[in-house]
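Shown below is the structure under consideration.
By written order: A, B, C and D. Residues from 1 in each chain.
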């Protein structure tokens, strides 16, 4: 197979890319000059060389400071150590962090637990989470774990599995477990809402918006 | 114009129907027998003759009992009179009622207030709402008004306009004004959530689901 | 069931209409006045009373002239009797006729023959077609039958079935059977064309556009 | 900017890729091991080093034989030299070639001429085409030029521009200019066809499928 078709095949492994788009990528690259392709390779090599996994929260981060494998958020002494938000993936972490609303710490699970999964602990960093919670409770005054999962079957299943798995350690240290609140989200049309959303929207209805919650930046 | 094309034109006035679908409707009707068309007309005439607007909540309802123009929900003595939910349209009312979660009364505004609307009171039943609230406060012990609007610019604008318009009467009678709670709704992917939704999901986060709220059926 | 929900259920039988759109139709009608609904019924009754099936080509047509059950196209002496176009449905006839390109006569099959259909002659007006062809060959000098079917499995299957069924009568009277030409259609992107389309586009390639074909209006 | 965000920005330049998909690409790469990234770079470097532009037809081709810069099709003595198909891009060439229907030679324009373009000759390889046609007419017996353009405004405009530009040379050497035939393409629904497609489908209607055309493989 020539290098055009090898690269087309390679690109189809990228998420959401079919054979047609992969082919368009390759012809796009062919239409660029050699310097452009070299730059692409340099960026990919950079990714390999400069991005590390934080040993505390397990997120990918640029390790340019060369002072250990702890990311800037985990090192930041102004972030609230009493609160730990659990997210499934780095992209979820990015969305939360970009909102500039949360001032606590994070833990990236590295995956979700599919419904009916037989060996859930193989899909996510469960042991790392358990020891992180234990350590933070002992030494950093952890008081609340916030589960931030998508509201779909896989997200809900992951949430249930985590609650169950963390119950012993949270009871031992009197840590509150909470989940992101549910209700109408931006863009929700009332006419097309399901009963579950309406139920939560009714429960969480608000008469006045107050915020005396230290982990939420105002 | 012949009756095929007159009816095609007529059908294009139906919400969401373009000329192609309208034409398909007409040819569908042509392929049916005379009895089918007569039945359609009978149902439309029935609609005209048997559906009335409730004089209390202003929703359309089947007035088959011929005992006045008050709908079954407004007449139901088991519904909680202390609570009044304001919805924009009948379809919103239907969605809430079909969830079997709300046990209070309703008021249908009959529309929404578009952003920058100069004469908002022409778009919705504002006077009817004000006198309903006054009357219910005086005679039926109304204590809470729940705004149930879609989370889009028009819904939010309607909400703001209503809060402002109802402030005098709610202060006079110490009525709470609340809005459906916001947060993650069913199907929300965390990765694609906006800051506003995340903010509300953080505020409304729940550690345990309790319901000691009389208007929510359990 | 009340008349709102009866009519919702009725509307869901219209082609392409689901329960949500059906509900929107009904609430749209409710928001209109009585005269509007009466007008709708009048148009539907008109459809029933004034639209007839042409006894020659079997299309629906407005029979306002009350001079028999033959449509204006079948009666038109300026249309070329030597050519008969076979279409599956009235909407196909409408598309062809609206193009103002074809000057011959039509026959509406009233359906298509699904692939693997056991009793094809029950799906379309086969007997009527056979006797029409025989009669037109005997008395009107029919020389060409043009099959105008969509290029999808059902259309192709109908085409094959018709060719086979009409072979005896066309051989008897030396009638040519032809099918609409294939090639690139408006909007076709070459990159995404299938082999069959390319094959026909190559075969039918044109060096200069001439038209000395009497059935095509210029 | 760290290498994650540099690469995200880079990936958004790929055709059809937005910021979200670009981010997913990067996190996908992060989740793979170093060898995978090295392989990707190797394939990109291979593309740069092994794919050349054919000096005759101007298509990209794998130059692994190291015996000059002429592609396998241009070198193939079994391809019909009398016929030259003009396509806009390499992907169009690929679609035609993959159909295994065309046995002549190709010329890749390298672009299209947008409607109202002031300097059309800057968008495509016009001079190269003119000298190719001249040379092939003189030395290889070229008899037919086939324009294979998409049926959209840009494709049609390119076709018109080429016909005009090639008229002198084709007249000088008595070369036929033809364009891919038009008509119903695979998937076309008759009901939704435009007049232009119907016109061509009528013109190109076929009574029997014969193929005595040497450039079409059977």
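The rule is simple: a residue touches a chain if its C-beta (ideal position, glycine included) is under 8 Å from a C-beta of that chain, and two chains touch if they have at least 3 such contacts.
Quick caveat: nothing in here was measured; it's all calculated off a predicted structure.
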Matching chain pair for A-B (criterion: over half of the contact pairs shared, by residue number), options C-D, A-D or B-C: C-D
Copies chain D and chain C - interface residue numbers shared by over half, same or different: same
Interchain centroid distance [CA atoms averaged], chain A/chain C, Å: 55
Euclidean distance of C-alpha centroids - chain C vs chain D, Å: 37
Distance between the centres, which are taken as Cα means, of chain D and chain A, whole angstrom: 43
Residue numbers of chain D (touch at least two other chains): 89, 91, 94, 192
Residues of chain A touching chain B in the complex: 87-89, 91-92, 94-96, 98-102, 146, 148-152, 155, 176-207, 209, 211, 213, 215-216
Footprint of chain D on chain A - complex, ascending: 2-4, 6-7, 10, 14-16, 21, 23-30, 34, 37-41, 43-48, 50-51, 60, 62, 64, 89-91, 94
